[in-house]
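The same chain A turns up in both complexes below, where it pairs with chain B and then with chain C.
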Partner chain A sequence: MSSIDYLRLLQLAAPETFLTLTGLMVLAVDLIVGRGSAPGTRIILSGSVAATGCLLAAGGLFLLPVYGTFAAGMLVADPLTVLIKVSLVILTLFTVLLAFSDAAPLADPGEYFALLLFACVGMMFLTSAEDLLMVFLALEFTSLSLYILAAFNKQSPHSTEAGIKYFLFGSISAAFMLFGLSLVYGVTGSVQLPEVAAGLARAGNDPLALVALVMIAMGFGFKVAAVPFHLWAPDVYQGAPIPSAALIASGSKVASFFVFAKVVVIGFGGAPAAVGSGAAPVWVILLGIMAAVSMILGNLAALVQVSVRRLLAFSAIAHAGYMLLGILAGTEGFGPLVYYVITYGLATVGAFGVVSIVQARTGSDRLCDFAGFHRRFPVLAFCMLIFMLSLAGIPPLAGFFGKFYVFAAAVKAGSLALFILALATSTVSLFYYLQVLKQIYVGETADASHWEPVPITVSVALLAMAFGVTLLGCFPDLLLNRITIALRITGF
Partner chain B sequence: MSVTLCILAILILGGAGAAMALPRLIHCALALALSMAGLAGLYLQMNAQFVGFAQALVYIGAVAILIVFAILLTGGEGTAEVGRFYGSWRMGVGIALGVLGVLGLAVLSSRALAGQAVPVPEAQVREIGDLLMTDYVLALEVIGLLLTAALLGAVILAMPSASARTGSATHPAKDQDA
Partner chain C sequence: MTPLQICLLISSLLFAIGLAGALTRRNAIIVLMGIELMLNAGNLNFIAFWRFGPNPEALTGIMFVIFSIGIAAAEAAVGLALIIALYRHYKTTDLDQINSMKG
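Right after this comes the complex of A and B.
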């Protein structure tokens, strides 16, 4: 029996452990203190415990990072994963703050916040996994928490529908992914990424490795909502409680894309060229097709949406296409991809926050419901302006630089056709983002003057996110330098 | 070897097929248990004794019984009249056969698997236990967390909603729909 340093493991997994304990504490506080209080009080009570936990965890990760590896890739804490984890915790913090809004139909706030934290813990484990077994377990843990979060509002049939759709699609794609991972194990004899890479390079263009790749791409393609595995996204984004949808759209995407890139670039990147085709490896062709159809379908379908949440869902599909370009660029694209997903996550959570404000006051999220928003909440309308323009990729906001770096990496890697397609579809996307802004600023006004004021936490969170998006846009080096240094240390 | 394999395969596939196709829910559950028993036999036949017995104990012993209880307690027997196939079953069968064909071709033409019969080490339960407490202790922890989340979710989703519990509509169902 090999001895093992449990204390070291505890050190490495301290942020995850801390957040898990916070989650349990939220449950306890809601049960013991919050019992019998009004729903509003319970939300504030358990929500503040959760938010404090996130804040402490992010601070701890940022100020006192511990680096090291446990058991050959079960848990890898290096500067890069710590950076991603900090951003995941911050995104979760914003999600928690959004849940303070009265739009959140929280019958059981303790359980809701605990599950939000659990989902975050799952994403953090996912980020630091370099062992396919751990990747799968962490992915399942995250997904399971998110399924429950999507179905949380039992009074709304749409939430139930969202939960069931997410669950059914998710479990089938998880089964395919597990099958793919088992095939990788069969071909290479290992589940640790570096050894898998060596094994795949040895195996040459084995058809079994190809099948495995397709199945793994299926599993991750579902998680990041890339076409053709996107069918769940519009219904889930529209039906799930808004904070859940925001976390599914942001944090889950950040972690999944990071691991997807790691598995593909490290694991399959060394695999030799495709059967027959000579130049490009198979994974490049496969992901190239996924990226192209995601960009086209996402952007075109978003044009005709009436519901803003569905619009955000299709825009998410389109963005998944752009992000796939980052993976396609290989190691070159890794840094830009990380920058892109983090800033995208920030802008998306912000956009969902504004939608939740409107939905709480009008009862729906149609475009026309946004009319008059500017007059009642000028500052928040300006925040939405920043989020939408950042998503569209307008300088000097963060979304522009994300797109710029990813596209540049794609051109450098030689995928010129995809770059042109991405540029063209980005232009199309401007139309539907401006559509939202047009309603907010010049829409024929419904009488919005009697709309209730917005809870202070939600306003603060939205302002902080808008500030973050602007800051990271004006000074992209703040984040990008860290990523570059982390990448260099990690050895990409 | 091949005779037992055939019997087990028939048991597993037949059970799974029956679980999908039988009209009464309780019969489906029992057919599922049969399929699980076949899987346990398959594991045992491959010398994976721990997995085999765990399959028998956990799935046939506990999960199948739990499913039967759930069906009995919720009285979910009456939903038999809904069509069992969504869309065209012919297309589904066609796609499934296609996937099976591709997979079979890939497995048969794979060089990595060709010819080499890797001697399978017989994992002792003690070794598995050791590994779960050392190298794979984090995986074990994550599974524990996963089950905690699942438990929370099961309670939340199965419990009557808060307003129904307290009998007062303190939390009015705002119309969240588009």
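Right after this comes the complex of A and C.
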């Protein structure tokens, strides 16, 4: 074993190190300066430190990226992972800004913001891992932070329930994943993705390899909330504090889908063909079924939801189905998938932001609580219009182009049946998104009580996200060109 | 039967017992114990594959296990904390009674 060049490690992991230090600083600031002040002051104090840290980290990543590989794929920084990391930090930044809202009275704002940053660090390590050990460690690091974030509101039984459900489902799937990884190690003798790919290709039709692939797919299927591993999602989205739910729905999904696609495309590329079913490798069949069921169940279940957060959860399950199409398309679908996931994350955080405003003022998130929102906050109602239509995939918003590129890649890859299903279910999804907008714009309500004004940070964050979704929709090349160039450099 | 096969049998059994415990028991703490068993089954696999594999001088397997033992400990800590929070609200750790959210 060669000695480790720590200076190089520090260079490559500078953004992660910086965010970790920021997280610790948030804790210290809240403890030293914020002690004894009002909760509102403490939120603003520690939140501004966290937001500044995110801004600096995103700026540093964007302006001064460092590329390289450390310890044979333990930590890979290339243009593609840097791009994903920038989007992760920006999504975390918006989540931090949402937490300024008074929706969830945070008992310990310092800890909350620090955990948000730690979760972001975990996701960043996850994106840059090309080694199954790092994938597992980063996945668990992210998950453990998110479990605590989901259960953070100790006053609310719903939040605790969301946390425990997320934790139990999450750790069972982590155990499946670990067992699957151990079998991969047994079959291939390595945990580095390129060598794993070679080993799996050598192994051919080894039943052990099949079991391993199924178990790993289960682990990732849980993280991205694809049916049949989605059971936690509605409860967590509904019960967790809103910024936590927003991060689970956006950042965690971006990172998990990216690494899922990387593991599948690089690692399983030469995976064994399914026994007796011709040429299609087993993971294609497996992911195809997961995608189809997610699209159908997610969209149909969302139709009957009363709680908007549950509705967003089922829509997230449906979107996971569409995103799986991108993974199925292989290398062809990688770029579209990245674009889709990032724009989806942006629109989802925005939608959760609007829900948090309503929930803080009415105490719940039922559809009928949104009635008259347009009269109270016309600009924010318009933001919600953009988010919902983008999620539904209406041009010229970003969601449309995401779906368009992913579906096009799926057709090119030859999964025509899934494409038709996606198109059909996508039409169904328009109904429930419009249901929300209908309440906002034409819903009748007798409640004429005065609503407190929205905190400035939340409005700014929502406007920025709405602007981002529109901009990326009108000029998809802004992001897509970067992704394509990054993919070419990375060699996909 | 080779030693590797015996180890794999034991670990598969351990995994199955853990999974059965996690899925059938209603007490959150016993579910947590089941999950720990499942994680340890994975660890046992790694050790077995490392020890009886083609190149035991590369320390990949044992390194993975050391890290995953750490992860399992962290998971137990978070899990127990969550269970305590749960108990404060519901005065029970029976998972069947924790269903306040319906859709």
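Points to keep in mind about this one:
Note that in this section the second predicted complex is superposed on the first by the 487 of 492 C-alpha atoms of A that agree within 3 Å, B and C clash if a C-alpha of one lies under 4 Å from a C-alpha of the other, contacts with A are read in each partner's own complex, and residues count from 1 in each chain.
Note that a residue touches a chain if its C-beta (ideal position, glycine included) is under 8 Å from a C-beta of that chain, and two chains touch if they have at least 3 such contacts.
Computed from a prediction, not measured in an experiment: that's the story for all the values here.
In the superposition on chain A, A:I164 makes contact with chain C only, while chain B stays out of contact range.
With both structures placed on the common chain, the touch criterion links A:S182 to chain C but leaves chain B unconnected. In the superposition on chain A, A:T41 contacts neither chain B nor chain C. Once the two complexes are laid over each other on the shared chain, residue contacts for A:G363 go to chain B alone; chain C is not touched.
When both complexes are overlaid on chain A, the residue A:S190 reaches chain C alone and has no touch with chain B.
Taking chain B and chain C in turn and counting the residues of chain A each one touches, the greater count comes from B.
Judged by the touch definition given at the top, the superposed model places A:T20 against chain B, while chain C stays out of reach. When both complexes are overlaid on chain A, the residue A:I172 reaches chain C alone and has no touch with chain B. Of the two partner chains placed around the shared chain by superposition, chain B and chain C are both touched by A:L133. Contact with neither chain B nor chain C is seen for A:T427 once the two complexes are overlaid on the shared chain.
Looking at chain A, you'll find residues 1, 133, 137, 140, 144, 147-148, 151, 154, 158, 163, 186, 238, 306-307 touch chain B in one structure and chain C in the other. The touching residues of chain B, counted against chain A in their complex, run 102-103, 105-107, 109-113, 130, 133-139, 142-143, 145-146, 148-150, 152-153, 155-157, 161-163, 170-171, 173-178. Touching chain C in their complex are the following residues of chain A: 1, 133, 136-137, 140, 144, 147-148, 151, 154, 157-158, 160-165, 167-168, 171-172, 174-176, 178-179, 181-183, 185-186, 189-191, 234-235, 238-239, 301, 305-307, 310. Interface residues of chain C facing chain A in the complex, by the touch rule stated above, are 8, 15, 18-19, 22, 28, 31-32, 35, 38-39, 41-43, 45-46, 48-50, 53-55, 59-61, 63-64, 67-68, 71, 74-75, 78-79, 81-83, 85-86, 88-90, 95, 98-101, 103. Touching chain B in their complex are the following residues of chain A: 1-4, 6, 9, 13, 20, 27, 38-39, 70-72, 74-75, 103, 105, 107-108, 111, 114-115, 118, 121-122, 125, 133-134, 137-138, 140-141, 144-145, 147-148, 151-156, 158-159, 163, 186-188, 203-204, 206-211, 238, 306-307, 359-360, 363-366.
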